[in-house]
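Two complexes, one shared chain (chain A), two partners (chain B, chain C).
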Partner chain A sequence: MSWEADLDRLVTDRGPALVAYAYLLVGDMASAEDLVQDALVRTYSRRRPEEITWVEAYVRRTILHTFLDGYRAKTRFAAVTPLVATPEAVDDEASVAGDRADVARALTTLSPRERACVVLRFYDDLTLPEIGLRLDISAGAVKRYLSDARHKLEPLLGPQPGLAAEDVATITKGGAR
Partner chain B sequence: MSPDLTRALHDAVDTGPDDSPFDVLTLTGRIRRRRTVRAGVRGGVAVGAVGAVAFGAVYVGGRDPLSVLPAASADAEPGTCGSDIGLLPTAAPGRVGLLPPSTDGAWYMDEDAPVPPQGTDLGALVGRTMGPTLVRELSPGARDAAVADLVRGAQEALAEAEARRASRLAAPGAASLTAGQLDALDRGVDVARRQLESAQTSDPISGVGDELDSHILITRDGTVVASDADPSPDPRYSWISSLDRSTAMSMTSTELSTCATDADPGGVPLPAGEYSVYVSYTEDGERAAAGPWSLTLLEMPPAPTGLPEGFPVDDIPLIGGRLVSVTPTGGSSGEGWVVQIAVDGDDAAMEAARLLRDDLPTTSALSLPRGISLDVAGWEVGVAASTSEDGEPTVVYSILPG
Partner chain C sequence: MNRDLESALEELAARAEQSHRSRRAPLPVDLITARARRGRRTRGALVAAGAAAAVVAVAGTAFAVLPNLTPVPPAETPTPTVTTSPTPTPTETPTPTPTLAPVVLPPGNPSLPFGACGSLADAAPAYPVDDRVDVRITPATDTLSAGGFVSAGGVIERPMPFETYLAYAVPDDGPSVAVVKDGVVVGTASFSEVAGDVTAGRSGNDGEVTFFTSLLGLTVCDPGDGGPVTAGRPLPAGTYELRPWASIVTYDGLPEAPAELFQDSLTFEQAAALGGTPATAVGEPTTVTVTGEAETQQPLPGADVPLDTTTFAAPPACGAPAPVAPLRGAMLDLQVTPVATTLASGEPLAVTATVQYTGPDRLRFYGYERIDYWVVQDGVVVGVTVVANDAFSQYDVGSGAPLVFSEWGLVLTSCVTESGYPLSTGDPLPAGEYTVYPAWAFSDPVARTGTGTVEMLRPDDIYSVTLGSPIPVTLT
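Let's look at the complex of A and B:
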């Protein structure tokens, strides 16, 4: 299969899920779509066609790093430019109702690294050391980010025992899907 | 009941809408462009390393360079790919202009400046990304709204500083505050007050959005052959005004690759040559074109030859050009090299860095941040613009094991 056909299949089958994943990180739909497009371009600029599940995981990883790199770049350039993207209001149509909307809204209160840790923990089902490796930070730093996230999320969402430092390494992989 | 984070996040991602939001043709064009450039440069380095004769026409794979440009189409809507630029009404002069990318790392004007005149040169680029600064008249409505925002923010900051001081002075233990702590509280209020005064009178103002709904158009012989796919500047990003608040400036970024037509997704890097750049924008409800500004695109030279044995040609794609020198060097973690390559192009060093890491943030500057160092495949690579002993413009790489 050519890379063009491979891309077509991935975008058609998993495009909405990739955007939804990016949305958890950036909190607005337009930025999420931009982030996924950039990640797809980066992925397919370098790679041969491969098994779609593997490629999807690679694209998700690229989304995460593009998100964090973009945040770092904005921080770095903020001193000389005013070019900080304005967060848009959460798109209710896209985030549906109920828990999903509440959680999406609550995630926007977190810092980029806190958000990344929460998404890696609760969507990608990674352990603390795995999150640390993915983000190139220590497991202790991951624990701190999750703890900070807990303090911000609990006033909005209620108790989140899964974010307690003593629990975060013990959640079963792939649980509660 | 509190939502379960794991379930909520999985639901959010895996049970979303079925329709993909992406246009695969557009994506394919962008990807094709990147694959072409990367393949050309990396292959060139490998060929260079074994001393083969250099090859040219990296960007177009040996075809007639101009054959990749979209053909003129009488049916194309004004301002779209393949259309005649003359179909767009000429804009009133002085409302919008393009500033060449800066060469000192800054992208904004330090002093008041009018809208840049048409006809100036945007430079000679070896890369295929362009980032001039868009300068436009600031309408009274946008100016008033932005001033109001700025003043409101400064008033809030002053109120917070005053409340913080009052709270600390009223708190138990206030008597034990040191003179330095009291001074800091006073200074915070004073700074906030001065910021409010500046906001009311003299600070540059900023805002979000592009009132002009502007696009960059690149033409060759009067035909639109490339454009920014998205509005430029991105309306979600902000502008900043000149000190006198008469003009607004925004970053732009345009990939210099062929635009898409119904028959072709485009995405092929523009061949070397002379081009004209226009800004298409909405004026009195109609689209108009300001310009042209001239732009020269250089051909990427062949990969350098004569690199020493053991040089990581597959890991580190070097910019094309003539190898001026390569010097072994040592570091605490092993042996490396300092490589100097002569290459023309105002953006040569920036393009060299972009070939190493295609995720560099967009800037409207042609120069790299001083001391930039990139992690590339286990190597720590520094890149800088320089000149050779003969006065040729060069790119210097410092390559050490990471």
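Let's look at the complex of A and C:
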């Protein structure tokens, strides 16, 4: 199968699921669709072998990194102040209501990396070390992001014991401290 | 109110998927295919032609092509690595001589708060201890010669795991260190040679934690009572405890530290006046042993080195010619071992690296918590390990006190340019002969001297790198 046919099949079969995943990260449908398009272009621009069967998983990772890249280009190394996400309007088209609308709005208070950590933890069901590997940051950094996310979400959503950072071994890397 | 995030996210995703299926136009697969096709053509042409644009930008005439340097391990008495004038030989252990006057240490004074010169080790500090904030120091060695230094790292931060949120303020110059002998504080040290009274706000964790390194000289402190204490004299042979501590301000109930802390340089008292509670953070003690005896404390390395603000490099671009290396951006020297290796494609290249500031006084900047690789083949950059990552931290490093990166492994991967940044594609490079340029990414370097701060030159709109000596690597 050509890469074009492979791409066509992926978009047809899994496009909506990929958009849903992107929606959790960006919080509105139009941006989610743009993000998925960009991630697909990045994925298929790289002469990837056609026989790969894990392409959807790869695209999800690319969605994640494309999402963070967008903020990274603006903020990487440039800001002294913490990354602060601009609260985005909750997309009515996702038809969220009640409790879920509360959660959707609460997620907009998170910085991009905090939001990514929350999605990886509670949607992708990854452990802290796995999140660290996925984002290429230390498990300690993951704990910090989840801790900050807890601080922001609990006033809006109530106690979030799942966001308590477990005492997992920190990946040894980085500057001596 | 308690929202279960797991089920909430699943439901949100399900609703979004259904909304996209029923109420939105399908993804434009033809447009996506066309864009990907253009990308494949562009990438093919780039690889075939090789890019000609030089990307290592060096300002002025201070292009520093440096000789290979012997790796500088953490040492109690590091040798300055760049100097234009004769320097003392700090590695020589001073020989005790009978002509040295005896060292007089401060006597214990139970009326002083902990941390003050002459205070008792078990005295209460000036402000109540708050264990929600931790102070740590990590000496690189447990022995030093009298008159020499011990290289140490230090940090003030919330201990993990974080059970509660806390906004607070800390000394901008890092932890203080009480040097204790026989239950009395006989020496005081800090991570800045002249620590000022400036506080820094802490509200979250995105780049706010500052990691310090410094060469700590252990000398007799001055209790200021006019007694016979030999203040300034190196501490004599013996075992000492190093007890880190810091005066902090906590802001319970506030969602963020007061904005004033981020807008101006406020003193401790001013920070406390913003609705805060003065407190003391204390850390676990460590023990060091001083050997020998010395009349005077050695000068810090780098003290006589002119500040070079003009040497810097931007990250080499994908497809560009190989960078000129080593290159000490912002006077940061990167040393890496091993110097050559063979490994299988897809296997991480593990190195141990040190990053050491070679200039005068101190350097503050934001840096990655990792060493990255730029990979060159046939004179062209074909790979990079950099990924999107905002997990940078602030560093404040003293001359001669290295940051150490241990056994840090990354798979050598091919390169793509995204939003103007060279990034890893995630695809392992195939078997072949390569030259790996280790680099440390950082931004906003500012030299902190005794007379003020000096901004170091840097690239426009992109971060800086300091480059180590290239490593020949064979991938099989």
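The rule is simple: the second predicted complex is superposed on the first by the 142 of 177 C-alpha atoms of A that agree within 3 Å, B and C clash if a C-alpha of one lies under 4 Å from a C-alpha of the other, contacts with A are read in each partner's own complex, and residues count from 1 in each chain.
As a convention for this text, contacts are C-beta pairs under 8 Å (C-beta built on N, C-alpha and C of every residue); 3 or more make two chains touch, one makes a residue touch a chain.
The structure displayed is predicted, hence computed values, not measured ones.
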First, second, both or neither for A:151, with chain B first and chain C second: second
Which of chain B and chain C A:31 touches, first, second, both or neither: first
Residue contacts on chain A - larger count, chain B or chain C: C
Contacts of A:136 with chain B and chain C, given as first, second, both or neither: second
Which of chain B and chain C A:111 touches, first, second, both or neither: second
Doubly contacted residues of chain A, that is, touched by chain B and again by chain C: 3-4, 7-8, 11-12, 15-17, 19-21, 23-24, 33, 36-37, 40-42, 44-46, 69-70, 73, 76-77, 80-83, 94-96, 99-100, 102-104, 118-119, 122-123, 125, 157-160, 162-163, 175-177
Contact set on chain C toward chain A in their complex: 1-3, 5-6, 8-21, 23-24, 26-29, 31-33, 35-40, 42-44, 74, 136, 138, 140, 153, 155, 160-163, 165, 203-208, 211, 213, 255, 262, 355, 366-367, 369-370, 387-393, 395, 402-408, 416, 418-421, 423, 425-427, 441-444, 463
Interface residues, chain A side, partner chain B - complex: 3-4, 7-8, 11-12, 15-17, 19-21, 23-24, 30-31, 33, 36-37, 40-42, 44-46, 66, 69-70, 73-74, 76-77, 80-86, 88, 94-96, 98-100, 102-104, 118-119, 122-123, 125, 157-160, 162-163, 171, 175-177
Residues of chain B defined as touching chain A within the complex: 1-14, 16-22, 24, 27-28, 30-31, 34-35, 38, 106-108, 206, 208, 236-240, 251, 358-359, 361, 363
Complex contacts: residues of chain A adjacent to chain C: 3-4, 7-8, 11-12, 15-17, 19-21, 23-24, 29, 32-33, 36-37, 40-48, 61, 65, 68-73, 75-83, 93-96, 99-100, 102-104, 106, 111-113, 118-119, 122-123, 125, 135-138, 140-141, 143-145, 147-148, 150-151, 153, 155, 157-160, 162-167, 172-177
